[in-house]
Amino acid sequence: MNIEAYLRKDYITNLIKEGKRLDNRKLDEYRKIEIQKGYVGEKASGSAFVKLGDTKVLAGISMNVGTPYPDSPASGIMTVNTEFRPMASPHFETGPPGEKAVELARVVDRGIRESGSIDTGKLFIEDGKVWIVFIDIHMIDDGGNLMDAAGIAAISALLDTKLPKYEDNQVIRGEFVGKLPMTGTPVPCTSVKVGDTMLSDPATDEEYAMDSRLTVTTTTADMMNAMQKGGKGSFTDENVMQAVDLSFKHGKEIRKLVEK
Amino acid sequence: MELIKDGKRLDGRGFNELRDIKIEVGVLNRAIGSAYVEWGRNKVMAAVYGPREMHPKFLRDPTKAVLRCIYNMAPFSVEDRKRPGPDRRSVEISKISSEALSHVVMLERYPNSAIDVYVEILQADAGTRCVGLTAASVALADAGIPMKDMVASCASGKVNGEIVLDLMKEEDNYGDCDLPLAVIPRRKEVVLLQMDGKLTQDEFKKAYEVAIDGSMQVYEIQKNALLKSVNEVKIGE
Amino acid sequence: MNIEAYLRKDYITNLIKEGKRLDNRKLDEYRKIEIQKGYVGEKASGSAFVKLGDTKVLAGISMNVGTPYPDSPASGIMTVNTEFRPMASPHFETGPPGEKAVELARVVDRGIRESGSIDTGKLFIEDGKVWIVFIDIHMIDDGGNLMDAAGIAAISALLDTKLPKYEDNQVIRGEFVGKLPMTGTPVPCTSVKVGDTMLSDPATDEEYAMDSRLTVTTTTADMMNAMQKGGKGSFTDENVMQAVDLSFKHGKEIRKLVEK
Amino acid sequence: MELIKDGKRLDGRGFNELRDIKIEVGVLNRAIGSAYVEWGRNKVMAAVYGPREMHPKFLRDPTKAVLRCIYNMAPFSVEDRKRPGPDRRSVEISKISSEALSHVVMLERYPNSAIDVYVEILQADAGTRCVGLTAASVALADAGIPMKDMVASCASGKVNGEIVLDLMKEEDNYGDCDLPLAVIPRRKEVVLLQMDGKLTQDEFKKAYEVAIDGSMQVYEIQKNALLKSVNEVKIGE
Amino acid sequence: MELIKDGKRLDGRGFNELRDIKIEVGVLNRAIGSAYVEWGRNKVMAAVYGPREMHPKFLRDPTKAVLRCIYNMAPFSVEDRKRPGPDRRSVEISKISSEALSHVVMLERYPNSAIDVYVEILQADAGTRCVGLTAASVALADAGIPMKDMVASCASGKVNGEIVLDLMKEEDNYGDCDLPLAVIPRRKEVVLLQMDGKLTQDEFKKAYEVAIDGSMQVYEIQKNALLKSVNEVKIGE
Amino acid sequence: MNIEAYLRKDYITNLIKEGKRLDNRKLDEYRKIEIQKGYVGEKASGSAFVKLGDTKVLAGISMNVGTPYPDSPASGIMTVNTEFRPMASPHFETGPPGEKAVELARVVDRGIRESGSIDTGKLFIEDGKVWIVFIDIHMIDDGGNLMDAAGIAAISALLDTKLPKYEDNQVIRGEFVGKLPMTGTPVPCTSVKVGDTMLSDPATDEEYAMDSRLTVTTTTADMMNAMQKGGKGSFTDENVMQAVDLSFKHGKEIRKLVEK
C-alpha cells in the first residue's frame, strides 16, 4: 500500500496544482450531502445516516438517566463517542479508539458543547438526576472527510431526538414527552492544504496528499465555536483566513440541509 | 404474557412464517464485498475485507487463510444503550459465526492470509446473530470469494407452548426457548446450532426442523438478492 | 507442535474410522468421573474438584451480598467465570479470558440459568440487597472435554454450597443458615464428530482431530436447557439427533454421581 | 465573573502581556535533551530521547524518523487529583503536539528511527499545551537534533468581551474563548491551532494576531535560554 | 486479640513449630513437573512448563533461559471473593518468587528459552508466598530441570510480643509483624526476604534465625516428598 | 545496550572488588541529598522534589474525600502510586506500571503504613466520609536507587502537606485547617551486593552490576517497619545484618534532612 500511496499522493498533488480534482469538483466545492434522519428510529431516541459523497456515517442518540456532575448539579450531560469500525476502511482496526477517533470525537464534542446547542438546563429531572445524551457516531464507509460527516450526523441526529417519558424512577421506552431541547446547529467544515492550495471537503485520496487540515465549526452566520488544525504541515495567515471564510460559507448551506 | 392469539402471533404472523426480509448487495465502497439486511426491525450491515495479509504474523496458517468474523452491536442499536466494545456475548457470537463461515469458504486457496468479515448490528430486534450470518454470507459472495456453499440462518423457538419460526423481540423476551441455527443449504447440514430455554426431546426435534425450513427460505431470499445484484451490474455496465 | 498435531490428527482419525479409540473406550463411553465436593471447604461457600479421566477442574462458589438487577429486584444473581490457567495446558496463556474461555463460561451459565436450578427467588435479603452466587471454575489439567468437566464441577459445587449467615449488614463468614436453595441438576454432555463418526467425551487428542462439537445440557430425563455447536465442521440431522440421545443418556448417569 | 478591572487583568497584566516565563535548558542527565519551563504558575518539564531504534517494528518508516510526543499531567498537577494514565484530552494534545514538532524536525535524516519527546506537566494553570510545546522545542534543540525552525506557542482568548493574550486559570475557566496556537517563527506559519468557545469572525482575526505576536515573544525567550545555555557550556568547558 | 495462652498458640503449636505440611509430587499430567502442597489450611498447586520457546521474542536472553513465576490466587481461595486477574500484590509476589527461583535453576543451560512456573493458591490461610515457593521448587525438581539447590521457604513473625514461626491467618491479621523468607539450604543463604510490621533490631535478628530454622525444616519435608516420589516411580516402573 | 551493559558490569564489579566506586564514594557512603519541599506548592496539598546524587524524584500529595474501608470505618485512607515516566530513563516505557514500579510502590507504602506515620485516626470526617491521602511519586531522572529517593520524597511530601478545609460537603481548595497529622518519619535505605561486597545507595551502573538488593525502612533509632530483598542473588546472614546496620545508621542521618 505504501508505494501506491506515495505515487497516488504525487498524482493528486500535481492535479490540484493545476486547480483540478479527481472528481471534477471545484476546489471549494463539497460533495453531495444526503441526510436521512430517523434511520434507526425504532430503538434509538434519535438518529441520522449521512452520506457525504461516498462517505457514510451513522449517528445514534441514546437518552439515559444518570447523576449530574458535582459542579453543575442542575444540568444534563452530553458525551460523544466515535467508533472507527473496521468495516469502514481497510485502515481501521478493532480495539479501543485510536488518536484519530479521539480527536474527531473531541472536535465534534466541542462544537456542540461550546455552541450550547443542547439546552442542558432543561435536562434536569430532580435532585441528583439528569438526562445523559449519548451521541454515538458509527463510521460506516470512509470516503474521506469523516470529520464533517460525523459532525453533520451528530447534529442531525440530535435534531431528530425525542425526549423519553420518565415515570416512577424509570425511563419508559417508546413513549416520549417531546423533542430534545435544541437551540443551535453547529456545523464543522474542513479545508485541507495540498501543496499551496486550500480545498474543501477532501476525499480519501486528497487526504493522503494533504499536508494539513483545518476544521472550523460555525453555528450562525457570524459565530464560530470550535477550530482544530491537524496534520504535519503549516498554514500561512492567508490559508487560515481562507479556511475560516469557506467554513462560514459552507456552514450556512449545510445548516439548511441539517435543519430541514 | 399472551404472545399468541387465535393462532396468530403478535405481528399477525403464522407459526412458520418469517418476518419481512430485505437484502441489498454491495452497499459499501471501501469493502471488497458488503450487504445490508433489514429483517423485521433488525438492521444489519456486513462487510468483507481480504484475502489480505494476516496480522499479527504468529496467527498465520501456512496451509490456509484464517477467517475472522467480528460481530458488533452499535451502542444505539438497543433501547438501553449498549456500552461500546466487545462483551462476552459478542465474543461468543463472533466465535461461532467465524466457525460457521469457515466451513464454506475455500480457505485453502489463500494460505497465510486473513479474510475479515465485519457484522454491524445497527438496530436489534431478536435473532441478530442469524441476520448477521445471513448478511455475512451474502457479503462474502459479493466479494467474489470462492465458497462451497452459502450459509443461511434462522432461529426457531417455543412461545406460549408452540414451536414457532423466527422470534421477534417480545417472543424472545417472554418466550420459553430460542434455537438459532444455520445451514449450508446444498447439503442441508448445520454449521451453527445453539439452544437456551426449556425443550423436551420431541419439542427439540420439531423446533430443529422448523429452523431448518426457515433457513432454507432465507437461502432463497439470499439467492434472489445476489442474482438481482448481478443483473443490475450487467445492465449498468 | 503443528506438524506433530497434523500427524496425530491423521492417526486418530483413522483409528476412529475403525471404531477404536486411543484409550480403548467405546465410541459412546465416558472416562471415569470422580467428584470431590468440599475440596476447598474452609474458605469457599461451596466447591468441587472433578476428575474426568485425567482432566481436572476445580469449581468454587463465593456468596456475596450485592444489588439486584433493576428488572428483577427480588431475585438473587449468579455469574460464571472461567479461568483457563496456564497451569492446565501448554496452550493456555495468562491474560484476560480468550474466546474459548468465554464460550465455555456462557454455555455452563446457560445450562444453570435456563434450568432454573438455583432458586434465585429465595436469595432475596431485603430491598436493594440480594445474594450473588459467584461460580468460579479453575482449569487445573486439560486432558480434553473441559466443557463437561467444568459443567459437572459447577453444579457439584453449587450442590455443596452453604448459605452464609447475614446479620447487621454483614456476611458472617464461617456461619451458615442452610444450603443454597437448588431445584435441579443440569449436566452438559459433549459429543464430537471425527470424520463421519460421533463420539462422546473427547480426550485431548480427539479434540485435535475433531471437526465439530455438540454440547447438550439436560436437567431431567426429558428436559434440555442448553445446546452449543462448536468447531468448523457441519452436522447432519442424524448427527444432531444422535448427540441429543447420547446427552440424555449420559446426563442421567452423571446426574446420579453429581447428586450423590 | 469580573476578570478585567480598570483595563487590567486579575494579576495586573495588560491585554497583550505574557505571564512570567523562565526557561532552563539541559536539566536532566538521562535524556539527550531537556528543558524546564515555569510559565506563570505552570511548571513543565520536557525530555527528548533519540534518534533511537523504533519499537514496535511495524511502525517504522523507511523514509524518515517518526516523532512521538507524549503529553502527560502528573496526578498532583491540579487541585483535584488527576487519575494517572492517558485520558482522551492528553491523547489529543499528544497527537497535535507530535504533528507540530514533526513539521520542524529534519526527520528524513534518520529513517527507521524514533524520536521521543516527553512532556510532563508538574503543575498546571491554563495553557499547558503551549507551555509543553515550548519546552519540547527547546529540549529538541538542546538534544542537538537538526531542526528547520523552532516551535513557539502561546494562547489568546476572550475574557469579559476583550481579546487578551495568555489566559491564566481563572480566565480559562470563566472566559468566553480559548485559542491555543503555535508558530514556526522564521516563516511565521502556524503548526498548531485550536479554538473553543464563542468568537465572531472579526474577533477571531484579532485573537489570531494576538496569539501570533505572543508566540513570537515566547520565541525570543526560547532563543535567549538556548544562547545562555550554550554560553554556559562554553565557559564551563 | 489474645493469640498466645499458656505458652501455646491458638492451634496449640509451640513458638517454633510449623503447621502440618503435606507434599505430593507429580500431580498433573500436562505439566512437565508439578506439586501439590497442603500446609495448615493452605492448599497450593505448582506446575512447571519448559524449557520451551520464549514468547514474545524480544524478551529472549541469548545467554540463558528466563524463568517466569506467576503467582495467582483463585477467586474462591479466600472468604471474600478475590477478583480474578493480577493485582499489585500478586505482581510483587510473582517478581520476588521469580528472582528467588532464578538463583537456583541452571538457566545458562537453556539460552533463548523460557521456564514457566505457575503457582495457584486454591485455599489461602497466611504464608501463601512461602507455600507457593516451596511447591514451585518441588515442581522444578519433579520436572528434572537442573538446579544448584532447592528453595525452601517459611515465615516468622511477632505475635503478642513473642517471635514465632509460621503464622496462621489469625496471627497474620492481628499480630505485630510478618517476615517471610526463603533459603537455599546447602549454603544457608537467603533468596527471599521481606518484612512488614514493627521490629527492633534485636527482635529482627531473632525472627530471622527462627525463619531460617523453619525453612530448613521445610527443606527436609521437600526432600522426603521427592525421595518418596522417586521410589514410587521406580516401584511403579 | 546489552554488550555495553555486560562490559560495564565487569568493570564495576572489579572496581568494587578493590573497594572503589566510580564516583569515589566510600562503600557505605550516600550521594548528596537535596530536598525541596513545596516544589509544586500551588496546586498539590504537599510536595517534595528530591535529588539523590543525580537521581531526581518528585512526590505530590493530593487530599480528597472518600468512603472508608468497611473494616475500618473511622480511619482515613492512604495510597501510593508510582509513575516510572519514560522521561526518567531510556529503559522506561509508557503504559501501566510494570513489576518494578509496583514493587517500589508497595515497599514505600509498607514503610509508611506499618510505621503508622500518618495518623489516619485523625482523618475521619463524618460517618462514611474520610480523607484519602494520595501519594503520587513521579520519577524524573533515574540515576540509580529510585527506591530510596522515592521513599524520601514521599515522606518529605507528607511532612509538607496541609489539610484542606472541608465545608458543606466540599473540599475548599486553597484553604487549609492545619498540617496533615504525622507521627513518624520512615526512611528506606538500600544496600546492594556486588560480588561479595555490600554497598550503600547504588548509582545506575552499580545497579547493573549488582546481584541483589536489600531495602530496610527504619523509623526510629531502633524500630524497623519494612524490608524487601530484590534481585536474583543471595545474601549470607552477615550481608543481611550489615545491611540492617547500615540502614539504621543512614536512616538516622537522612531523617534529620527530611524533618528539617
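First chain written, first letter: the chains are A, B, C, D, E and F, and each begins at residue 1.
Operating definition for what follows: a residue touches a chain if its C-beta (ideal position, glycine included) is under 8 Å from a C-beta of that chain, and two chains touch if they have at least 3 such contacts.
Just so we're clear, the structure is a prediction, and the values are computed from it rather than from any experiment.
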Third chains touching both chain F and chain A: D
Just to be sure I understand: going only through chains that touch, what's the smallest number of steps from chain A to chain C? 2
Moving only between chains that touch, what is the shortest number of steps from chain C to chain F? 2
A CA-based fit of chain B to chain D gives a rotation angle in degrees, as a multiple of 5, equal to 120
Rounded Å distance, chain C centre to chain D centre (Cα mean): 57
If you average the CA atoms of chain A and of chain B, how many Å lie between those two points? 31
When the centre of a chain is set as the mean of its C-alpha atoms, what distance in Å lies between chain A and chain D? 27
Where chain F touches two or more other chains, by residue: none
Two or more partner chains touched - positions in chain D: none
Starting from chain A, with chain B taken as the next chain, the full ring order: A, B, C, E, F, D
Residues of chain F touching chain D in their complex? 39-40, 42-44, 47, 54, 56, 58, 60-62, 64, 81, 83, 85-90, 94, 96, 134, 136, 138, 140-143, 171, 173-174
Residue ranges of chain F in contact with chain E within the complex: 99-100, 102-103, 105-106, 110, 113-115, 212, 214, 222-237, 240-241, 244, 248
Chain C partner contacts - residues on chain E that touch it in the complex: 28-31, 41, 43, 45, 47, 49, 52, 70, 72, 74-81, 84-86, 116, 118, 120, 122-125
Could you list, by residue number, the parts of chain E that touch chain F in their complex? 88-89, 91-92, 94-96, 99, 102-103, 179, 184, 187-201, 204-205, 208, 212
